[in-house]
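Structures for review follow.
Each of the next two complexes has subunit A plus one other chain: subunit B in the first, subunit C in the second.
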Partner chain A sequence: MPAFDWGYIWEAVPDLLDGLVVTIYVSFLAILLSLTVGAIGCALRVADHKILSFPVAGYVEFIRGTPFLVQVFFIFYGLPSLGLTLSAFWSGVVALTVWASVFHIESFRAGLSAVGKEIQNASASLGLRSWQHTLFVVLPIATRSALPSSLNTIVATIKNSAYLQAIGLVELTFVAVDRIAYDFRSTEMFLAICLIYLAVVLLVSAAGHRLERRLNRPYVGR
Partner chain B sequence: MSLLYEYRAFLLSGFILTLQMAVVVMLGTTLVAIGLVTSLRSKWRPVATVGYGVVEVLRDIPLMVNVLMVYFMLPLIGLGFGPFWSACISISIWGGANGAQIFRAGLESVSNGQRETATSFNFGSIKALLLIVLPQAMPVIIPPYVGLLTGVVQATSLGAVVGATELLRTGQILIEQTTIMRGGSPAYLVYGSILVVYFVLCSLISMIGNRIEDYYKRPFRGVAKDAQLESKIKDIEAHVQTSA
Partner chain C sequence: MNGPIQKDVGITFSKVNKWYGALHVLRDIDLTVHDGEKVVVCGPSGSGKSTLIRCINRLEEYQSGEIKVGGIAVDSNRRNIDQIRRRVGMVFQNFNLYPHLTILDNCTLAQRWVRGFSRSEAEERAMHYLKRVRIPDQASKYPSQLSGGQQQRVAIARSLCMSPEIMLFDEPTSALDPELVREVLDTMAELAGEGMTMICVTHEMGFAKQVADRVIFMDDGAIVEIAEPRDFFDNPKEERTRKFLSQILH
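Then we have the complex of A and B:
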């Protein structure tokens, strides 16, 4: 085992930062898209018509019940023979979106169910129209109660972007593994990427908790 | 489809290895989780702090990195286990860290009064835990824990990345071979089928989990406590990653 070399990590920093940029970019797109798909999916899932809600329920069950890595491979290697060729980057965005949106659908749905029937009656007796009720009463309450688990999914999306090294996307983990293949400096590289992932994850969770506290301010002390 | 039938023996060997890994990681996860939760709830401050740090770090590092790290680094300290065991070890450690979090939240959901009452009835701490606290914590622990177990079973597909010839790896090999020999990639067929196999496997585990959940929920059925349980479970699920 060669002696630990901080200088080696220092040399690798530019490469690692390039990888980190890709990691952040792919995760950022996937987070935005998955929140959007999650919101639409949740709206369909809670619809009264079985024709709308049933396919979404099936989609959620299937994606939850299958490994993310196989989903990634299916999208990257499988879809081209079905006529849809995506680059590693966009395969990654699509795969992460598909995976994360499922958890957002469930968390939004749980958030909606936190809004009780009494609140609907209360809005009705105040003369709120149905859209006003949805927009000004249901959404603020549902957002607050869905936030913790959606934040969890957002952080998990960033972590799961590491899976994309398996399809050759040059993100943080790929850069590290690639360098290890040349220089065999695995201790240095793994320490470096672990620290970077820790920093990113802790930063995002801290920002999330701040947001949570801010949104919960009206309830503090009641 | 005929392709899958032609290579059924090869794919089956991969599936059997996947099942073996599944059993190993489910047991490993449980053992690691029990070990870590013991240290988290330890009376000695340093032990609890170290346990807390280990759990946090393990949960924040991507599973993929964890798997690669164990595979590349264990041989450096003279522990070359090969792909099967290094994948199982890393997935168990990851699952154990998330499991410890679930156990801890579950045990904390039982009010302290229960523990104090058990002590006043002269129950030792182990006896109190097993006979009083744990049965009440179970309805909260089981649903997220079963979710975690299906998560670690799905995670065994990461064995393919480090070269364990489990189901996904056999699929990859099959695709490479056929693409070279016959032209035209059967990737969508092979990966699609593997997705279905995992889906069935995980649904089975969830079904068994539901049975166990029902058993432990008996005393709570139809009581107002049901809603309380629900919200506690949601709260735990919001703070662990159970899917991979």
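Then we have the complex of A and C:
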């Protein structure tokens, strides 16, 4: 067993950074799309009509109840036989979006339930229309309540992008595994990508917590 | 009872009935509240007091009969509802302030979006009413930083910012610590002194004696007795009223 070699990691940095760019790109798109799908899904989920809420409830249960890797394989290997062929990159974006959106739907829903029904009476008695109440009262309050758990999902989206090496997407984990196949420096490579993932996650969490503090400063009060 | 006298009529209920499913929560309510009049509504919990005043600005619908506010029918017509809500302010048991907005913004949101005031006009009016309820120095704070009594006074100011002609109070002191009740009642009494038409659901009988022109006792969805405070407290006609009074006055 060769000794741990920092020099090897240093040599691999350019390749790893290429992989990191793909990781960030795929995660970024998936985060934006999953937040959007989450918002729309949540609106349907809380709708009065069962025709709207029931399919979303089913979607959430199905995605939450199946392994992410299987979902990735289904989208990349399974969809082509149904007539939809996506590149590894777009399969990754879709898979991460589908997976993350269900958790966003649930955290947004929890956020909405934090608003309470009575405050709507105050808005109505002041003459505010329901769209104004939704825009100026419900959404700001719900967003604050949903933020911590949505932040968790965002961080998990970045980490779950590592699964996409299994369908040949040349992202950070793929680069590491690929080099290990040639050089057998698994300790160095896995430690290196762990540190890189950690750095990205810490950065995103820090930004998220800043936002949380900023928004919650007034709300919590003391 | 028509012609010019009609103008004087603030709120009229004629044979109003309301059900929640099979539960009959308002029974044949007939009531007239004139402009400038102060009415206190009391009764055991579940007697329909809150429901009664929530029908006035259509936070609740009713199934039969008619309610008119300033001659405008309270019905499903959107324009009627808007006009009525412009005339009628409401204060709730749990304040219902906007927790994410400062006290000042709590008071300006509806002014700007419903009444179309500019930010500076709205803020000026808000400060005017916050001074009237004696908390202008709290304007930049958030609701959670204020005591319950202060929050309720903000809620009153927020309502007054819309220049209502009628104010509805739905148990405004029931959620307050005893030592904070006074400041809210004082604010309400001042408002009454300035000629505001008021309907207050409350168990504060001292307030009723001091401020009310008439006291209404409700039980089981019906108005049991209406009387001037002196008669109501000293000489109640109905057995149920006597029983209720003996329970709350100890």
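Convention: the second predicted complex is superposed on the first by the 219 of 222 C-alpha atoms of A that agree within 3 Å, B and C clash if a C-alpha of one lies under 4 Å from a C-alpha of the other, contacts with A are read in each partner's own complex, and residues count from 1 in each chain.
Methods note: a contact is a pair of C-beta atoms (placed from the backbone, for glycine too) under 8 Å apart; a residue touches a chain by one contact, two chains touch by 3 or more.
A quick note: this is a predicted structure, and the numbers were derived from the prediction, not measured.
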Simultaneous placement of subunit C and subunit B on subunit A, clash or fit
fit
Give one of first, second, both or neither to describe whether A:201 is in contact with subunit B, with subunit C, with both, or with none.
first
Using the touch criterion from the header, give the chain among subunit B and subunit C with more contacted residues in subunit A.
B
Once chain A of both complexes is superposed, is A:186 in touch with subunit B (first), subunit C (second), both, or neither?
first
Please indicate which partner A:214 is in contact with in the superposed arrangement: first for subunit B, second for subunit C, both, or neither.
neither
Contacts of A:110 with subunit B and subunit C, given as first, second, both or neither:
first
Of the two partner chains, subunit B (first) and subunit C (second), which one does A:50 touch, if any: first, second, both, or neither?
neither
Once aligned on A, the angle formed at the Cα centre of subunit A by those of subunit B and subunit C, in degrees rounded to the nearest 10, is 100
After lining up the shared chain so the two structures overlap, which partner does A:122 touch, if you call subunit B first and subunit C second: first, second, both or neither?
second
Closest Cα approach between subunit B and subunit C after superposing, in Å?
16
Footprint overlap on subunit A, comparing subunit B with subunit C
none
Subunit B partner contacts - residues on subunit A that touch it in the complex:
1, 61-62, 64-71, 73-74, 77-82, 99, 103, 107, 110, 148-149, 151-152, 155-156, 159-163, 165-166, 173, 177, 180, 186-187, 190, 193-194, 197-198, 201-202
Taking the touch rule as given, give the residues of subunit C at its contact with subunit A in the complex, in rising order.
54, 57, 59, 82, 85-86, 88-90, 92, 94, 96-102, 109-110, 113-114, 142-145, 155, 158-159, 162, 168
Residue positions on subunit B within touch of subunit A in the complex are 57, 60-65, 68-69, 72-73, 76-77, 150, 154-158, 160-161, 168, 172, 175, 184-192, 194-195, 198-199, 202-203, 206, 234-235, 237-241, 243-244
Can you list the subunit A residues touching subunit C in their complex?
118-119, 121-128, 132, 136-137, 140-141, 144, 218-222
